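So, here's a batch of structures to check.
First chain A sits with chain B, and in the next complex the same chain sits with chain C.
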Partner chain A sequence: MFTYSLVSGILFGIFFGFMALGLNLIFGVMEMVNLAHGDFVVLGGYVAIMALTSLHINPVVSLVIALVLFFLVGLGLFFPLIPRLSNSRDPEMLSLILFFGLSQVLEALMVIKFGVNPESLPLSVFGNSSWHFLGQSYQIAWIVTALVSLVMITLTYVFLYYTSLGRAVRAVMGNREEALASGLPVKRTSAIIFAIGIGLAAMSGVLSPLMIGSLDPTSGLGLTTIAFAIVVIGSLGNPLGSVVGGLVYGVSLMLMQTYLSSWSVLVPYLLLLIIVLVKPSGLLGKGVRHA
Partner chain B sequence: MLNTQLVEAGKRQRGRLLINGVIPFLVLVGFSLSPFVYANQAILFQMMAFMALAQGVNLLYGFTGYLPFGYVGFFGIGAYGMAISIQLLHFPGLLAVVMGGLLSAIIAIIFLPLLRLSGAYFAISSLAAAEVLSNVVSNSAMIHITNGPYGEQLTQSYHPVTSYVAMVIVLVLTTVTVIFIRNMPFGRALMAIREDPVSAAMAGIAVVRSRSIVWLLSALIAGLTGAIFGWHLSVFYPNTVFDLNISILAIVFTLFGGYGTVTGPVLGSIVLYGLYNAIGISDPQYFQLIYGLLIVALVLFLPGGIISLIQRRGNYVP
Partner chain C sequence: MKSTAILGMAAVLLSASLAGCGSSPSTAPSAKSIKDITIGTLYAKSGAFATSSMPEYSGLTFWASQINKTGGVYVKALHKKVPVKIVAYNDQSSATTATTLYSQLITVNHVNILVADFGSVLTSVAVPIAQEKKMLLFDQTGTGASFFTPSNPYIVLTSLPTSGLWPTSLAQYLIHKGYSRIAIVYATNDFDQSQDQTLVSKLKAAHITPVYNNGVPTSTSSYSVLLNNMSHTNPQAVIELGYPNNDIAFLQALKASGDHFNMVFTIFPGQLPQLFVSSVGPSSINNTYTYPAPPLLTFSHVNYGLNTAQFDLAFKKATGQSTNFLSIAGYNTGLIIQKTLSTANSLNQLSLRHAVSRFSGSLSTLDGTFKIDSKGAQIGETLPVGKITTNSKGRVSVQFVTSPNS
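Let's look at the complex of A and B:
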């Protein structure tokens, strides 16, 4: 029982770390909380469900479709909204409200398009075999999800630390004004990170029906809260922090579901409250961002 | 010369006081008389409840800059505090309402540390706090106190007229409180804190105490409103009184009208709640789409709400 919840907690944790990655990047670079993050995750889920049910496209292909499609959506949203916002009186608070409005719009559009009933992907979508480990067996879909998540987190890490654009991103994260003063294209970097953030959210959404069971248009805000908790637990702007935060969340959720199942819905909220009140800089954090 | 200026200023001051006084008066007369001409009392009652909640959000966000996404937590606790007082302590309705408001204020004291956070951290953490409250109340382990997920039936204390009158009183008192705070030195101290807490502290303002007072006041408003709301419904479930859309609507009404003013939330509640009743009840998603787009447009073009259109010309708006 304990090993099962620990291992599945780790698998879930890696996925949730990936789910929070887009929020982490946008928060780190732009100092804005994308409250519509969860809604983009849900939209990614709907892409996978639609692709599978009406076009018989495997979710593996949908992963790429969602990433590219929502990268473009992100670019399309960035230019009319964000530059205007950055010049306003209180960009931090106004961006929170703006993304909140955006999340309401997305939720309403999803209800209009897909209805309010929960939708899901069959767990057998990657085959019916299961993975045996230490005397327990795990869904193959969970393994695939965790592997994809791990690959994407690693790619993001490589992008941030071993490419010149990634170096620019880290410079903007560190200090926006100094990055501007040293001639870095801050606006273009922000645009790319915003688009990547939205794209990654939708991409993790493709896998989300396999991990959280089913999706409906209102799942977004809950997912945003979970992602925010993970980002804060793991420290801002650090993709490895997302993994740490995801693991803390995944393992505590699974242990709670095994031993105190009626209280397990409280896990993300309690974790968030504890971490912001006790150590707001996160487990890997150096400085606090007073956002 | 100086004397005439002083007289002028005095006149202007009295004029402003008069305009300020008109608003609670209009609210009082409007909601007291409208049941005689308009039959759908439920709509009037809910409009009042949302107006009071919008004023509570206004008090917190407009004067201190804390945006409480989890404001509904206080509303729900108020409703449950009232219900528990009736079911377990057998209190009469009005006393139970007061108990609901008090319980909400006590919960606000427990959550005082949240005020150490700011911006998005506060907004999302308050949401988490509301979710915790909602899940604790509806948990089946609490069945002997809150009846868990099965809700509360208070048909023995059902009293639509008294609860309507109580809502009018709480709404008028809330409006008066906002007017007082806005026009007293305390309100200006709060706005100084909102703009720059460090400078405000250096100017001798008790930052922590002032914030805490407003936090408790707005929790009390939401608690009383929730208690009267639950009493008026007399049958409700955890999902009814902890519905996140309640905070969302209260915030949207405040932002639409204009935060930091007295008229803003009143105007926002009347216009948008009217719109909600026209199109929202049968197709809530279209109403949600409209207010979502409205928020985006407001943030980009009119962050001060529609009141700021009048203020921009240099007019005084209470």
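Let's look at the complex of A and C:
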């Protein structure tokens, strides 16, 4: 049971790390917590479910559709909302209110469009075979999800460290004012990162029914909480922290489900509490961020 | 803006508490002042309980519209028919929101009749409020055994047996089949926990100790690891006790795992078969076991209100929705309220409660025999165990494996 829980925890952790990546990127660049993050994950899930049930489109194709579609949605949301917010007296606090409002609007729209019943993708969508490892078998859907998540995390890493735009992003993450003074296109960089963050959230949403069972319009808040906990555990503003945070969360959750199942719901909050008390900057953090 | 919101909230709370300082709801309103009977209730339009709460609310509003077409409900205390008016708020499946709204129904809206929202989670917060305000709570489907105590006369369970009774037939069947290796996973709420306790105690009385018996949070949506842990105990029967979302997630995980057990039992496919067909597919519930509830379970002897076939037809015509157990439960609650008002000598809340006790056992509706014990818990309706069969078109039928109490 321990081996199965551990390996499952790693697979789930990689997925959760990917799910939190967009939230972390947006916070890193704009110092804003996107409380509607989970709702974009849910919307991505609905894209996959609708594409499969209505158009028989495989979720792998839906990954690309969700990324492109929600990248554009992100750009569409950025320009009317974020520059105004950035120019306000307290952008971080106001961003909480704005994104909470956006979350409520998205949730209400999803209830109108999709109803209140939970929806899911068939776990056999990638075939009925299993992956055998250390005497245990694991669902192929989990393996595909973890692999896609790993690929996307790697691509994000490559983008950040090996492209000129990525370097600009890291410069803004490091110090926004210095980046501005250096003549970097901070607004354009922020817009692209915001759109990528939303796109990645929706992309992870395509895979989410395969990992978390089912989605309904109100699942977003819980997913935002999990993503936020993962980002804090890893380190706010550090994309690699999402991976570490995701792994810690995934493994803890699965071990808790195995050995103390009644308490498993407490995992994100307990981890959050421990990290805030022991290492407030997160596992990969170098210092406390003074926002 | 924040301080304005806080002040506004404080004003609402203050006005609610001051309103509560007025007349006690246990005092009967004067007959002359009553133009309609107000029924206060909550529904969950979103959140985890929306799938169950909305059809239940539809059933209740359907009853109200039907009775209003005949000129209203007969109120013995007024010696006349009075229109019914439903005052309802959306609690969004949140027990915290429900707490405020139940108080608001009593102290601000001054409703004549208080009806709980679906299930034990959203009813649990209504029970102490109703008791404190001396208001009789018509509890539709909140079956948690802890709600019913000798010291609380202000509760009546209308449409399901108390959850402590549910596993009686299930335990009988498991013992009868000779299953000795039984694995149970239950959601940690009053409804499922009390069922687990009853099931385990009945099995232990038959010298069977479950090989796996663990609770999980009600919000659990992934059962894969739990199923793997259960299968390591080599169970013959796997029992999952949860709410609809738990059952859906469990059956999905079971299908994906490829595990096979002699018997798999979940609660809600028997109440919401079409939801399960659309959510997990017909094959996922085929050959699994459940508690079949109306309309899968029909009662031939109905002496009050519509029978199942009549309800099915009228409900579909009026609402455009298909009948399921929860719409029947909501309608049945309306019938119990109707009978209460037509037999109570006064609109005093305790008088209403005494009226319910008087007709308990003599009323047969499309939901079965309405009978309560001295604590207000429903004991007349029993739930048999049935085996589900589905065809490729999603048509669900049930073969009873224990005797239905018809």
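Operating definition for what follows: the second predicted complex is superposed on the first by the 289 of 291 C-alpha atoms of A that agree within 3 Å, B and C clash if a C-alpha of one lies under 4 Å from a C-alpha of the other, contacts with A are read in each partner's own complex, and residues count from 1 in each chain.
In the analysis below, a residue touches a chain if its C-beta (ideal position, glycine included) is under 8 Å from a C-beta of that chain, and two chains touch if they have at least 3 such contacts.
What you are looking at is a predicted structure, and each value in this text was computed from that prediction instead of being measured.
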| item | value |
| --- | --- |
| Superposed partners chain B and chain C on chain A - clash or fit | clash |
| Chain B versus chain C as contact partner of A:Glu107, first or second or both or neither | both |
| Partner chain(s) touched by A:Met254 [first = chain B, second = chain C, both, neither] | second |
| Touched partner set for A:Ser88, first chain B, second chain C, both or neither | first |
| Chain B versus chain C as contact partner of A:Pro280, first or second or both or neither | first |
| Which of chain B and chain C A:Asn117 touches, first, second, both or neither | second |
| Partner chain in contact with A:Ser242 - chain B first, chain C second, else both or neither | neither |
| First, second, both or neither for A:Val265, with chain B first and chain C second | both |
| Contacts of A:Ala229 with chain B and chain C, given as first, second, both or neither | first |
| First (chain B), second (chain C), both or neither touched by A:Leu98 | first |
| More chain A residues in contact - chain B or chain C | B |
| Location of chain B clashes with chain C - one stretch out of 63-71, 99-107, 153-161 or 207-215 | 153-161 |
| Common interface positions of chain A, toward chain B and toward chain C | 107, 111, 262, 265 |
| In the complex with chain A, residue positions of chain B that touch it | 65, 67, 113-114, 116-121, 123-125, 127-129, 131-132, 135-136, 139-141, 244, 248, 255, 285-286, 288-289, 291-296, 298-300, 303 |
| Residue ranges of chain A touching chain B (in the complex, touch as defined) | 33, 81, 84-85, 88-90, 92-94, 96-98, 100-109, 111-112, 221, 224-225, 228-229, 232, 262-263, 265-266, 268-270, 272-273, 276-277, 280, 290-291 |
| Partner chain A, residues of chain C touching it in the complex | 45-48, 50-51, 54, 92-93, 185, 188, 214-217, 219-226, 228-229, 232, 244-245, 248-249, 252-253, 255-258, 275, 278-281 |
| List of chain A residues in touch with chain C within their complex | 1, 4-5, 8, 12, 107, 111, 116-120, 122-124, 128, 130, 136, 139, 141-142, 211-214, 216-218, 222, 254, 257-258, 261-262, 264-265 |
